[in-house]
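Shared chain: chain A. Partners: chain B in the first complex, chain C in the second.
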Partner chain A sequence: MPPLPPGVTAQQFSNALREFGSAVGPEWVLSTDEDIRTYRDAFSPFWEEAEEPIPSAAVGPNTVEQVQQVVRIANKYRIPLWAVSTGRNLGYGGAAPLNSGTIVLDLKRMNRVLEVSEENAYALVEPGVSFFDLYRDIQERGLKLMLDLPQPGWGSVMGHALDRGVGQGPYEDRFGAHCGMEVVLPSGEVMRTGMGAVPGAKSWQHNPYGFGPFVDGMFAQSNFGVVTKMGFHLLPEPEALRLVTVTAPRRDDVVPFVNTVGYLKNAGICPASFGIRSPRNDTGYWSASLKFYGPLKVIDAQWEHAQEKFSAIAGVRFQEDALYRFPLSPDAIDGIPNKNVLGIPDLAAFGQGFVRDGRPHGYGHYFFAPIIPMTGEAMLEAQDVFEQAFKQLELPGRGPVGFTGWQRRSLISLISLPVEHDTGKAQKNREAFRGLMRIAGEHGWGVYRAPVVFMPDAMEVYSYNNHALRRFHETVKDALDPNGILAPGKCGIWPRRLREAREARA
Partner chain B sequence: MPPLPPGVTAQQFSNALREFGSAVGPEWVLSTDEDIRTYRDAFSPFWEEAEEPIPSAAVGPNTVEQVQQVVRIANKYRIPLWAVSTGRNLGYGGAAPLNSGTIVLDLKRMNRVLEVSEENAYALVEPGVSFFDLYRDIQERGLKLMLDLPQPGWGSVMGHALDRGVGQGPYEDRFGAHCGMEVVLPSGEVMRTGMGAVPGAKSWQHNPYGFGPFVDGMFAQSNFGVVTKMGFHLLPEPEALRLVTVTAPRRDDVVPFVNTVGYLKNAGICPASFGIRSPRNDTGYWSASLKFYGPLKVIDAQWEHAQEKFSAIAGVRFQEDALYRFPLSPDAIDGIPNKNVLGIPDLAAFGQGFVRDGRPHGYGHYFFAPIIPMTGEAMLEAQDVFEQAFKQLELPGRGPVGFTGWQRRSLISLISLPVEHDTGKAQKNREAFRGLMRIAGEHGWGVYRAPVVFMPDAMEVYSYNNHALRRFHETVKDALDPNGILAPGKCGIWPRRLREAREARA
Partner chain C sequence: MKGRARYVVAVSALVAGLTGGAALANAQSHSAAPLAGDQGQQIYQKWCWPCHGPSGPGGSRKAGTEALRNSYKGKLPAVLDERTDLTPSLVRTTVRNGTYFMAPFRKTEISDGDLDTLIAYLTRRRSSP
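Presenting the complex of A and B:
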């Protein structure tokens, strides 16, 4: 039997499920053991341990009105909901909630592409729309628009942005590329943000701000509402994409090397996300992978300018990896290994995710993802600090060699820890993960997101002025969600009635 | 005698001023009639009428700690505060509060440039830092960075962004270009947002988001806190700037014409803000002013590409207005009429602001500023709708001829109404202003900001689902500011104890 929500009797739970069934259709209330299994985190750091969070059921509304009804029923019974959209979120917690007994609010049926404008280069989508869905829609209508994709493509366009994921191209800051939201609040009321608050709004997907406070950010990585519609700005299909690699030979080159890459991004000359590594092999000590999207003559000029700038570093080398012209023919697409840089979603990432040190690794991984400044000094410091931390925490390897440049002036390193099914090893890795977050915090670094089960730990690091930011969140939480029914504990934000346990520990 | 805050006795007020004096220094508590005069709105639509909001005093803290003390004293006495930074905000309400008796919290003494990084192209500033101040700081240090400026340059870098003003270059979305905030909350507590919530944060001005909900937007156009520090991303000094004008001859050209300009912005080929007009003279029916910032060879390629795209419109004409190479010599700068496109602040805008129809106009103006989609169809519709509205409201002229493209996919038209010192005329213009907002709302358009005295009217238009957004704001307001001491009524957001009047009217 799946666990019940805390403080809810079996009879109340059964009544609630019946009411959910009236709202969404009984076939969309999923509560058998088999149903529940699909909502567990396949990469859970607590796999099969007592602490592994197991949902009590899942409910799948098909419309905004049904989401509102579900939220109202949850309030009536004080049953917590955990909203998920589509995709698997592997490495960051899957579809599983933070607390056993929570009901998963599965939004995957709401998968309508509501509007796509080629003229103003935007899309308005529901939560269940995957990158595949949106890509297909755009192709079928023959619109000259490109998606800015993560790996892999099955994820939700909206969910990925709300978790502040990153894309491949010039619109890499996926949350930053959104424009306009519709949100079901914890009260069950529906709200539209930005220009969408004007009835019959004409510019909801044109200007993100509207009038007065800009509230959209409150619904990212949050438990303040369930986002049911969201607009996104898209890149007009470029003429071409050029992929290049630049290498620099010496360790000391890192400062001017990263400065040059940062300058190209900050000046809008190469605004896409980029990778930068110290591969320690014959391609050079430092290596940067850059992507230029645009009219051919413009990207030629940009690449030429980039080479001039890099040439201040003695021994720098340039390699042109590929040049793609759009539109691509189906045949051309077939032969391309890394399609997502072209805005074509695929699942090729899974060729990598299950392989560690060249050997298949069956249990998955979870991500430690600290944000550091986009400077060579910060990269060297992070490599040193985490190399020490890896030793201290008895983790294999030497820590980060690669960084990705994204979200304005920041670099991120994705460090994956293996999921273990041996309890002792699993426990050790969890402690190592918490240790990495703590050590990062001691150096002024925090993570950009975290696996669900580690979210409260991640927020512990964001503690300036006795956790002023978390206290702000929790003041807002209590005001908006007095019954604490939306995703209690998500990102460390607990409703009043569940805060006591944390405060007792502190 | 200046008016007292509502519900506060003369004795209490006098005690409060003494306490404010202990906090900030008695010389920075300003309460004589002469002091107060400088905080009136020189362009008030209610000039010298009973309804003109007159502050009771002004208090000028010099540090974050002093801001905290002032806020705590205001809570003790239930005295409302209205935060202003520096500059005049002419046309949008000046330094005057919404309600008579409010104390102006004048932050102009806090004018320190705390940090400027050339490497990561950002600045961290206090509220009183003007564009002049920041420009001077950057020049003195010889940093290769450019400011993205409004007109005129005396305004606060922070205040302008918090009001969601617009700049001239690729970082035109000034609020969007910010990264990291420090905020004094209505409780008097200080909070840092984004990565700044990590003690000793290393990437506060590098990544805007941090972990968990992204709260910064809540402090723009808002009364939820007093922002005391704010980071901004800057453009690395470009090699060159090319100014061009493109014209198209026929009214029907507007759809492809605006589409082309929009494509150039959305694709990052010409991301700066732009102007588009129907000048009805021999330069063509439609005219667009574009700005290309970057390496010379890149902007040459961008401009060439732009011309190819525009050439699909028969009869289109191109004019190269100026080409500037950086760095500019002081002599070169002297001779340039419109310096702010070059990132050099000036006050030249005031040559225009006081002139109407070629004649000097002494009393000023206030701005009606609706947001519409960036399409030719929307421009034509707005021109028609507002031409009708002008007739109906008996306003002189024919309504908007010019639009500015900014903040992603939106066009804005700045329509100025004259301030009148004759009560009858003033009343008529105020009614016309409210009429324009109402008519805009009927067509699905809202304003991006409004003169302070019209803020509650502006928010009336953002009424989707029985004012769900405003109710959200007011729920948050009551939770954060239970005494309602920060800027009551700003953007139509009233604390609980002052909402009854509005609700009685409705």
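Presenting the complex of A and C:
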């Protein structure tokens, strides 16, 4: 028997399920044990423990009108809903809610690509459209457009952006690449943002702002609405892509090294996301993987310019890893190990991280991902602080090896912790995760995103002026969602009726 | 750049179009390729192939195939749709429950009807009942 939403009786719950069934079709109210199993977080830090959040059911609408009806029924019964687009947020919570008993609002069936423009390079999609789906759609129409993707291709173009996920190419800021939204508000009303607020809008996906306050950010990493349509700017297919690695030999090289990478990014010479690794060995203390997209002549010149700039560092080495020319033939695509950088979705990332010594390795992992400034000094500080933290928290290794250059002036210092099915080990990792978050906060670093079960902890760090930001969020929450039915506690934002529990804990 | 050490090492200048992809046992060339074949095969291509299709060398590694190759050490094919021993209940349970780091699949992704079709495809060459 799955857990009921808090304060809801079995009778009310079964009435609500029946009403949800009338709205979406009874077969799309999923409440058997087998169904519920599929909505748990497969990479849960609390796997099979009492605290693991277990949903009470899932509801799968197929249209905006059905979403509205579901939201209204949830208000009537005060049953919390947790919206997911494809619910493949592995490493950050999967499809599972924060609180047991919440109903998952599974939007996967809303999987229509509503519009793709080659001329203005954009797409308008529903929540369930995965990167695989949009890629296939573009290929079938023969359009010269490229996607900017996270590593796993099965995720939602929309859901991934709403969690402010990271892409691999020049449109790496996936939320930043969006343009226009349609949102079902907690009241059940539909709103369009940006130019979309003009009835019969002609430029919804052309300009993000429209007129007046820009509210789109309120629907990412939040619990203020259910997004049902979202526009995205796409990259015109480039002529070529060059992948290179630059290494610098000494630890002290980091300041000019990162300054050069930052300059290339901010000057628009190499705008794509990049990785900086610190293997700390003879192959070079620092290594950066850079990507140049564009006409061949242009990227030749950009690469040459980049080498000139890096050459101020004695002993710097350059390696050209690959040069791809578009369009790619299917045979050529097949031979490419890292297809994501070419805008081609796949699931190869699971092959890299989860098979060790040729065996299925473990049960997944979850990510600690603080943001640090894109400077050499900040990287050295992060290495030192996390090396100490790893010792203190008894974690194996020496701290982060890789940094991802994301956004123009910041780096993500990514650390993954393994999911354990042994309770003792799992608890140790959770404590380590919270420890890392606390230590990062003491140094002025917050995370860019957090696994659902750690979201309230992540928001604790964002506490300037006695949590002025969270109090602002909660003022908005109370105004928009007085019954507190959308994702209570998500990102640490609680509706009034559930805030006392947090305050009592504090 | 004068007087500075400057090396350009072209390790693997993969110029697409020159790399002939190795012939695969399976018609599909990559995870996002157009879906082809009968319905069961299409469901397999869409939902299973990205982890269970033919894996490397050269191409991308498929987590499921790599894991099964090492578990079976050649006793059974590593690529799922080359197997002749899969039973309907094994496929159903694995799809709906997942295993190790494989997350389960929901009815909004693979409906019960599609799962039956997928099972028929994966057990089509079953050698014994």
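Just so we're on the same page, the second predicted complex is superposed on the first by the 497 of 506 C-alpha atoms of A that agree within 3 Å, B and C clash if a C-alpha of one lies under 4 Å from a C-alpha of the other, contacts with A are read in each partner's own complex, and residues count from 1 in each chain.
Convention: a contact is a pair of C-beta atoms (placed from the backbone, for glycine too) under 8 Å apart; a residue touches a chain by one contact, two chains touch by 3 or more.
Because the structure is a prediction, the values reported are computed rather than measured.
Of the two partner chains, neither chain B nor chain C is touched by A:226.
In the superposed model, A:318 makes contact with chain C only, not with chain B. In the superposition on chain A, A:30 contacts chain C only, with no contact to chain B.
Applying the stated contact rule after C-alpha superposition, one finds that A:157 touches neither chain B nor chain C.
Judged by the touch definition given at the top, the superposed model places A:254 against neither chain B nor chain C. In the superposition on chain A, A:378 makes contact with chain B only, not with chain C. Note on chain A: of its two partners chain C and chain B, the one contacting more of its residues is B.
Contact with chain C, but none with chain B, is seen for A:106 once the two complexes are overlaid on the shared chain.
With both structures placed on the common chain, the touch criterion links A:437 to neither chain B nor chain C. When the two complexes are laid over each other on chain A, chain A has no residue in contact with both chain B and chain C.
Residue ranges on chain A touching chain C, taken from their complex, read 28, 30, 34-35, 37-39, 42-43, 58, 60, 87-88, 90, 94-95, 106, 108-109, 128, 131-132, 135-136, 139-140, 153-154, 307-308, 311-312, 314-326, 328-339, 344-348, 350-352, 354-355, 357-364.
Contacts from chain C toward chain A in the complex involve residues 1, 4-22, 24, 29-35, 46, 50-51, 55-56, 58-63, 66-67, 69-71, 96-109.
The residues of chain B lying in touch with chain A in their complex are 119-122, 164, 170, 175-176, 179, 185, 189-193, 195-203, 205-222, 224, 233, 235-236, 238, 259, 262-263, 266-269, 271, 293-295, 297-298, 300-302, 304-305, 371-375, 378, 407-410, 441, 443-450, 458-459, 461-465, 468-473, 475-476, 478-480, 491-493.
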